[in-house]
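Inspection log for the structure reproduced underneath, given as structure tokens.
Which chain is which? They are A, B, C and D, in the order written, and residues in each are numbered from 1.
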Amino acid sequence: MAFTKILIANRGEIALRVERACRELGIATVAVYSDADRAAPHVMEADEAYRLGPAPATESYLRGDLILKIARESGAQAIHPGYGFLSENADFALACEEAGIKFIGPTAQAMRALGSKTRARQAADKAGMPRTPGSTEALASLDEAYEVAEQIGYPVMLKAAAGGGGKGMRAITRREELASAFTSAQSEAERAFGSGEVYLEKLIERPRHIEIQVLADEHGHCISLGERECSVQRRHQKVIEEAPSAVVDEELRQRMGEAAVRLAQSAGYTNAGTVEFLLDDSGSFYFLEMNTRLQVEHPVTELVTGLDLVHLQIHIAEGEPLPLKQEDVQLRGHAIECRIYAEDPENGFFPSPGRITRLLQPGGPGIREDSGIYEGWVVPMDYDPMLSKLIAYAPTRKMVVARMLRALDEYVIGGIRSNLNLFRRILHDEDFRAARIDTGYLDRLLQRDSGTEGEASAEVKDAAIPAVLGAAIFETLRGDGAARTAGTASAGGWKLQARRGALRG
Amino acid sequence: MRIEIEMGGQLRKVQLEQAAENGVWRASVDGESVTAEARLLRPGVLSLIVDGRSYRIVLEESAAEEQVLFAGTERMAYRVEDPRSLRSRRTHGGGTDGPKTLKASMPGRVVRLLAAKGETVRAHQGIVVIEAMKMQNEVKSPKDGRVTEIHVGAGDTVTAGDVLAVIE
Amino acid sequence: MAFTKILIANRGEIALRVERACRELGIATVAVYSDADRAAPHVMEADEAYRLGPAPATESYLRGDLILKIARESGAQAIHPGYGFLSENADFALACEEAGIKFIGPTAQAMRALGSKTRARQAADKAGMPRTPGSTEALASLDEAYEVAEQIGYPVMLKAAAGGGGKGMRAITRREELASAFTSAQSEAERAFGSGEVYLEKLIERPRHIEIQVLADEHGHCISLGERECSVQRRHQKVIEEAPSAVVDEELRQRMGEAAVRLAQSAGYTNAGTVEFLLDDSGSFYFLEMNTRLQVEHPVTELVTGLDLVHLQIHIAEGEPLPLKQEDVQLRGHAIECRIYAEDPENGFFPSPGRITRLLQPGGPGIREDSGIYEGWVVPMDYDPMLSKLIAYAPTRKMVVARMLRALDEYVIGGIRSNLNLFRRILHDEDFRAARIDTGYLDRLLQRDSGTEGEASAEVKDAAIPAVLGAAIFETLRGDGAARTAGTASAGGWKLQARRGALRG
Amino acid sequence: MRIEIEMGGQLRKVQLEQAAENGVWRASVDGESVTAEARLLRPGVLSLIVDGRSYRIVLEESAAEEQVLFAGTERMAYRVEDPRSLRSRRTHGGGTDGPKTLKASMPGRVVRLLAAKGETVRAHQGIVVIEAMKMQNEVKSPKDGRVTEIHVGAGDTVTAGDVLAVIE
């Protein structure tokens, strides 16, 4: 069935990104919003927009019941969940099915089979796919934990089956640490996810995080679209992603891709999904988990494959067969993504909500921005601090790093703090440039650099005189209010006009 | 016009004068003569050419005493010490003696209080926990002392600069 | 020699685009500007910037002497001329050579050999490449013109050898028209180019304009990067360009590419260049002329090849060999470019310089913008009215048209008139969508549509109530100035603040 | 508040009232009741929701009597007939009788004059040639008459709205 109207059950850049895809496909869009988001771009750019409730997600974007009601009343045939919020909620997917509204993603059944980490590990075994050694079911007791740990050997990792974002996760290097870690991980998981189920796996040292994008239609076809390298993480949160990985060759890509496709097919998976792996020094890869939705970092795959994943998601949900075969997937060039956050890296990564008083965005060759902000937008304190995704494409890794740095130099966000400078630091770092990265890389860089922050760079000294002059000129203009209003034609008397005229020429 | 600007820990004396030509400013910075060619492209965005070198100076809008600008990609905080400026007449922070106010550094919701009114606290001890964007942050005492006032309670919404408590 | 500093002898979007490339390659940039361009983006984004003179191009961007002086004094090792202005001026290229400053383009000699249309036609013959039947030298007399015309048969085309932009060009369908056309074309060419040299060629009916991008290094290697379809023209000026062409298959692409490479090599051509062809109904192609510079429409080639032509231009000028061979060139997907002009299509395409009071620019997947404007910029009356180039990429032609329409819907330019709506009209036209286009297509569309302009579209009627409401709300807010200043935090008293607070929520 | 707005050749009577809630306006347009939810995102950019339908209304800044806005992608000119508005008190264009001023429709340079002062001219006859962006445009007489005033000469720079000549 071809959709004529889709409801987007999300906010921010991803809501806008899905709206753009719908518009390109001639499909009308329905936006939903909380009180904090009435002035958000995804509301204005949609064809229809309906209020959900107050700012907290539990009263708005997590209200599946309200969202389904709006979908029904507005006549939307499908719901795109984006990422986060309800995107991996099997109950919501099921409620959509029952309401006769297509959930753009896998079935509730496939989501359940792959959403729990322990069940996904069982599925991996069935699909004959390498995973980290360890348990595939919840640990029944501390004794069982000791037993498994001895079997696979320390160091080990305790993880919550329902986990995400590093919660309920503990690295254990020696037997003595296991008992207390077991108790605390269980209770943390219970609090965070409503399930205290934890399991043990072998800790892979200095692994890379490599993930495979898969697409499966409802006719049994499934393909992989190459890998993404997501090793640059802070506290298990991805910061920079790229495609392809500098260490994955064609042969490894094929093996990982085949494993990912096997897993997806074994669970009857449909639509877009991502199979995450750890890759160790020796080039062995281990299944980590599956994300049963579109990922934040999907654009890097789009740039190297030339495909549009959201278009494909919609076509698949409409019941269309995949328009391409595995051998039609061509990878070309290199892409990189920076997740721009409202946070202050120089101050413990404190979040920094508030009004964006100044915004200069980059453009030009090889630059894509998936943004959910504008000058004047008040970044709400209620959600994830992601402002925008800056994505660059170039023929080689070296050139895409240079291009991203160029774009970062053009970027200014004023009024709130952002992590723009963090990206500059990483992209200038020799280890990053040589692709010597693993999931611990960024934490090491941050620790190393914290010692050298006192030194002013040559660039700062260079800019000192113009900066002081600029401040003095702004101050002079501020006296008559011109600094703030000189760009509009409406303000003030002739004296002010004359002064501004001189400035603007 | 004379302005004193504190930037990067240095106090710079600036003498500024608009020349007859369009957008040309003759200045001296700490006694050194500089000619700058300036154009305000739009509010807060200044294109500055000094000796052939081109700079983008972007002012971050703020009602606060401390201003912030970006010179190229460098974020620089500054304070204007112009005697004619209203803002500099406000009392500055002062030393470590006397009562100190504890301010919210960002908007958020108060999750809980870690000290009660009247309690004796140590420097760097957490006083108020604020949550924003799924992260919790402790606002810490700037000095050893006693909590004499508490202006917020759990569940309150605060914006940056709000006074949370006073430590004496 | 690796360059460390390059002067960009141009303005607008192309100056900014070259600066971005330089920054990506770690090369410092020197901008030059006229008095009309002091506040232009290319000035602020450069490392150094120097004034050339008053607004008229003859006193600024065409002052080769001044530009060379600035290059020498600033220590630039090379000059990138962009397109237009001095880019095809062989005397300037020679002056650069003599001053020991590298001109990023072909040698003066190669430029002379291919810059004159008659000499280029001779070169085409030498390279064994099809061209339109007709003369290859200036017509000495009207008698000779009659003779050539009889030989090739009417209709014929009179053209200026030094021509461009449709000047000195006459279509002649019957013998009786030749005499007066000959005299007027000669004098027009004399006035426009300082040379009255004209020649005759067979008029190709309803041709497509197809051009081949070539790149040649200084070591004898030359490759072609596929074609661009530029048939959507108004008065011989390109309006929309795309790559690939819907009617060029792999075999034809190869034949045209080989012909273009042969021509370039026969003249010792180096750097980037474009060989223009006419393609007739039967699939035969004829050499038209060669453009010895980077073209406005180069981005569509960049998007389908994944390459960066300005990077490659700079590498070639540095003496590097081409980093890829013909067989490494992979075309993928489809790209389209709209040239956004400050002109009023509803009013005879009158130019529309002035202040841009409002600017909303598109973004997101598959959208690139090479822009030279910002909100508040005063578009000077002294130059070409091009504001920006909007370029889209997608897997198929159908999808890239939909994507461009989506981006055009996001675009708002206020304060001056633009041709944004013209693109919407073209991209919705059935003939364009079916790729039934030739160089006369747009003029026919404009004539056809002029009859139906009175009808209001359904969309307009839909928007009437919200538009009236919006106007009323703006007017209410205007009373206290809030409509203009509500985005800044500085304005006015508490009453105004309260009202605005209500609006902004 | 009552406003009359002329848009697309139609005069619409609007009654507008801000409700107590944030950003909600109750309006009637030609007697038909409408509730609109409005947010000004930044100067001139309005997000409007009417009956669940979302619109982007963008005001083109202008000091002229005729305003322009974009409703979505539709460019619409309008004139406010609010009696309280200063602008509507200016005299409107008037008929074809009486003296008519010839105005520049765009900035540019005067290239040449096609009629001299005192000359008799016909409607649509070119009077002044203006050049901008390499294109020349003739400004034509709005009616049959006589050129009584000429305010510009070849080489002059004009901006949009400048009076070039008067035809009686």
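The definition used in the following text is that a residue touches a chain if its C-beta (ideal position, glycine included) is under 8 Å from a C-beta of that chain, and two chains touch if they have at least 3 such contacts.
This is a predicted model, so every value here is computed, not measured.
Chemist: Comparing the two chain pairs, does A-B have more C-beta contacts than B-C, or is it the other way round?
Modeler: When the contacts at B-C and A-B are counted, A-B has more.
Chemist: Would you mind checking which chain's C-alpha centre is most distant from the centre of chain A?
Modeler: Max centre-to-centre separation from chain A belongs to D.
Chemist: List the centre-to-centre spacing of chain B and chain D in whole Å, with centres computed as mean CA coordinates.
Modeler: Using C-alpha averages as centres, the distance is 45 Å.
Chemist: What's the distance between the Cα centroids of chain B and chain C, rounded to whole Å?
Modeler: 47
Chemist: Measuring from the mean C-alpha position of chain A to the mean C-alpha position of chain B, what distance in angstrom results?
Modeler: Their C-alpha centroids are separated by 32 Å.
Chemist: Compute the distance, rounded to whole Å, between the mean C-alpha positions of chain A and chain C.
Modeler: Roughly 37 Å, centre to centre.
Chemist: Of all residues in chain C, which are in touch with two or more distinct other chains?
Modeler: 38-39, 45, 357, 375-376, 409, 484-485, 487-490, 504-505 - these are the residues of chain C that touch more than one other chain.
Chemist: Could you list the positions in chain D whose residues touch two or more of the other chains?
Modeler: Where chain D meets two or more other chains at a single residue, that happens at 23, 39, 41-43, 53, 61.
Chemist: Give the list of chain D residues in touch with chain A in this complex.
Modeler: 23, 37, 39, 41-43, 47, 49, 52-54, 56, 61, 63
Chemist: State the interface residues of chain C toward chain B in the complex, per the touch definition above.
Modeler: 31, 38-39, 43-50, 74, 374-377, 488-490
Chemist: Hey, which residues of chain D end up touching chain C in the complex?
Modeler: My answer: residues 1, 3, 5, 7-8, 12, 14, 16, 18, 22-23, 25, 27, 29, 32, 34, 36, 38-46, 48, 50, 53, 55, 57-62, 67-76, 78, 80, 82, 84-85, 105-109, 132-135, 137, 160.
Chemist: Can you list the residues on chain A that touch chain B in the complex?
Modeler: By the definition above, chain A touches chain B via 342-343, 347-354, 357-358, 360, 381-385, 408-409, 412, 414-415, 420-421, 424, 456, 459-460, 463-477, 479, 482-488, 499-505.
Chemist: Quick one: which bits of chain C touch chain A in the complex? Just the residue numbers, please.
Modeler: 16-17, 20-21, 23-26, 35, 38-39, 45, 299, 302, 306-308, 310-311, 330, 332-333, 355, 357, 361, 363-371, 375-376, 393-395, 399, 402-403, 405-406, 409-410, 481, 484-485, 487-491, 504-505
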